[in-house]
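Two complexes, one shared chain (chain A), two partners (chain B, chain C).
So, the complex of A and B:
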């Protein structure tokens, strides 16, 4: 930070990067449509792999969670590619802004991608594998998915920033990210299970909501603490 | 310079003595378990291996914090060696755990045992430390990124244990566990001696690895200096090129 004058506020820098990312995505339509197509294709594979026309309970929750996870992995892998290949990192480091702005912007961008993905994938899931009473349990499902999305976005951003500088980034991203995400996936899948069950409760179990919130909090704090070191050069 | 070869011999002797004593006590002094009989003796190997390897992973994360704070390469080396050794110990831990599960519960793998499952997830997590590290070419960035990973991994170890324990509705009854304190005094004594033995083994092997790394770096440095003395013109360029990252720190 050698530039003159005080650094721009972090939120303005973060908003600028987020706006750039969303605009880029809107113009190229590269990542989110691919994620959505991948998710629908995964549901079809599950239909044949499990040989079931309808799913319910824990099985439905597991299928939905794994499908969303796989699609999220696709988006995560591409998160920093433009920065790496077109000198965005250098430009960002030269700008007199707080480096954490990059973390906020990328987490927000990934979160937007994931929400758009779910707006397509969850109806597709309901249509193709018709889980019972998804409509009634929708607020609970939305809560679990939102908390899960936050976990995916934070850890995904961190792992993507780690992996993008490696030689084998397409390999490193998923193998590093998946074990880190296992606790969040356990909580999402187990929290969704009763919601998609014909005889289960309509609201998610408190322990899974609390655990996911804790996971998101810890993940966010760690990402905030270490992210600067990933941009240093 | 050679800080890590100091005390190495003393440490190695202490390790050998403690481990021999522990094994002797395990086989000739510790009483046979009433339920499981002779098979239970693997407990004296499995539980210390598991505890020491988990501590090793967390230690790797703590050393990594040291590296990010100070920027000194010695902390990076400590972090690397701790995680490397912990990974080796954890493979031993999970194999002995699996053998014990087969002998006492009849299955090689038991999903109802949260400790075993969380332990596997932690191993899967830290098993990616080396692939991540070695696919980064720049040595300084390699250390920095590996340190970030070690800190994140270390912090997620407790979350893993919580998540897996919450997910298991019915926990396998355990005759012997650490929290229960159900161990009779003689078993407890033998267990603690084994734990100290394995911890000493970890420390010795880690120190050996660090000493070996130091020696190799020193040899390389001397060889380069020697070449530079003998024939300055011919080796000038390559030696300066390879020396550049070392000199930068």
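So, the complex of A and C:
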């Protein structure tokens, strides 16, 4: 079979790119370890900076959310580096594939990175800042973090694809990405607050779950609509 | 060369600029299927830009471009996968092995896995195929890049300095794959005008983005070639 046949379906091409990205990350260990190290170091700074052994409620939620957001920015900054520096964009654009396959693959790769990050950062958070009832509220925390991760992955991928085309890509990513992510940051932190409170609920408030889900949906639709143009000349 | 209905490449008044700088001006060329076009010119003449437009990676800013019967950029999707590009960059990930790189391209182009092994053998890289590309010599990387460029059996080959980094033995090795014997329509650039002229059916000499000469190789005066690179 040769490339003169019909274009590869988007999901197959996306799987090919995702598989390649995860293989590259496993081979180089450039992104996820840096994100995890940054998150743990930030939590240590909070531990000593606030001079507290335990945090609860909205303060704990804010510390966790901001730490994960900044660690995620490291990951988004590196998402397209290999594509730009090693000709990956050209190779992909020369293939008979739907260009949104690259979007799906990069969002999925960033989601994987964020899950691994949280598997390290949340235990470190529990160890250093001992939020009350984290174990009981863990399913709710996981739900809020998963919705927040989707927002980070979609917006992070979109902004990274935009930034990598510019000379000031290291600056553009955070400068454009952080303001766009403020609504998701607020919703994640507000949703997590009661879960990490000694007297709070063990399940997240529906309004914050709904807000984040809507944010994710709108972000995904915008990304799907504009991603093609970001890869264009 | 006259316009023919089965032309693989048809350019009519093609222009392209980057910012204020016009890199290609009003190029009109027709290349029949199966023929080889050599594009000559010194650095910055617009050779690589022309190849990237033909590869659908850059948009023309004026004029019309038809490649393999499809108008670009409107129907670029219809020719991707029918074009092989061998450019200055090998388009290989340095931290993946040669086999992994070709496997990735095979999945994107829906090429059977056996073709990867076939191509590794064709460029004599099967014994080094499991080493990361960053550990290979430039000549080996170029051989892998040749394998990558023709993995999907493209109808049109765009070759930008295809023999750079290749020693004479490696040059002979890739000759059946990307040379005249491949039977493909080819557009090639080379810093070695003698080699390019020997390979060409049609020559396009670019000077400041304009066609300084367009015609058969025999019609190009050696003094004019020297002046082109002066």
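Operating definition for what follows: the second predicted complex is superposed on the first by the 229 of 233 C-alpha atoms of A that agree within 3 Å, B and C clash if a C-alpha of one lies under 4 Å from a C-alpha of the other, contacts with A are read in each partner's own complex, and residues count from 1 in each chain.
By definition in this document, a contact is a pair of C-beta atoms (placed from the backbone, for glycine too) under 8 Å apart; a residue touches a chain by one contact, two chains touch by 3 or more.
Since this is a predicted model, take the numbers as computed values, not measurements.
Student: Based on the superposed arrangement, let me know which partner A:10 touches: chain B (first), chain C (second), both, or neither?
Tutor: Neither chain B nor chain C is touched by A:10.
Student: Could you look at A:179 and tell me whether it touches chain B, chain C, both or neither (first, second, both, neither)?
Tutor: The answer is first: A:179 touches chain B but not chain C.
Student: Going by the contact rule set out at the top, does A:112 touch chain B (first), chain C (second), both, or neither?
Tutor: Once the two structures are laid over each other on A, A:112 reaches no partner at all.
Student: Between chain B and chain C, whom does A:22 touch in the aligned arrangement: first, second, both, or neither?
Tutor: A:22 sits against neither chain B nor chain C.
Student: Tell me which partner A:120 touches in the superposition: chain B (first), chain C (second), both or neither.
Tutor: Neither: A:120 stays clear of chain B and chain C.
Student: Contacts for A:213 in the overlay, against chain B (first) and chain C (second): which applies, first, second, both or neither?
Tutor: After superposition on chain A, A:213 lies in contact with neither partner.
Student: Could you give the residue numbers on chain A that contact chain B in one complex and chain C in the other?
Tutor: 232-233
Student: Show me the residue ranges of chain A that touch chain B in the complex, using the header's touch definition.
Tutor: Touch list, chain A to chain B: 158, 162-163, 165-169, 171-172, 175-176, 178-180, 182-184, 186-187, 190, 207-208, 211, 214-215, 218, 222, 225-226, 229-230, 232-233.
Student: Mind pulling up the chain A residues that touch chain C in the complex?
Tutor: Result: residues 1-5, 7-8, 12-13, 15-17, 19-20, 23-24, 27-28, 82, 86-88, 90-97, 232-233 of chain A touch chain C.
Student: Spell out the residues on chain C that touch chain A in their complex, using ranges where they run on.
Tutor: Chain C residues touching chain A: 55-59, 77, 80-83, 85, 87, 89-96, 100, 104-105, 107-112, 132, 148, 152-155.
Student: Which residues of chain B touch chain A once you look at their complex with the stated criterion?
Tutor: By the definition above, chain B touches chain A via 68, 121, 124-125, 128, 131-132, 135-137, 141, 144-145, 147-149, 151-153, 155-156, 159-160, 162-164, 166-167.
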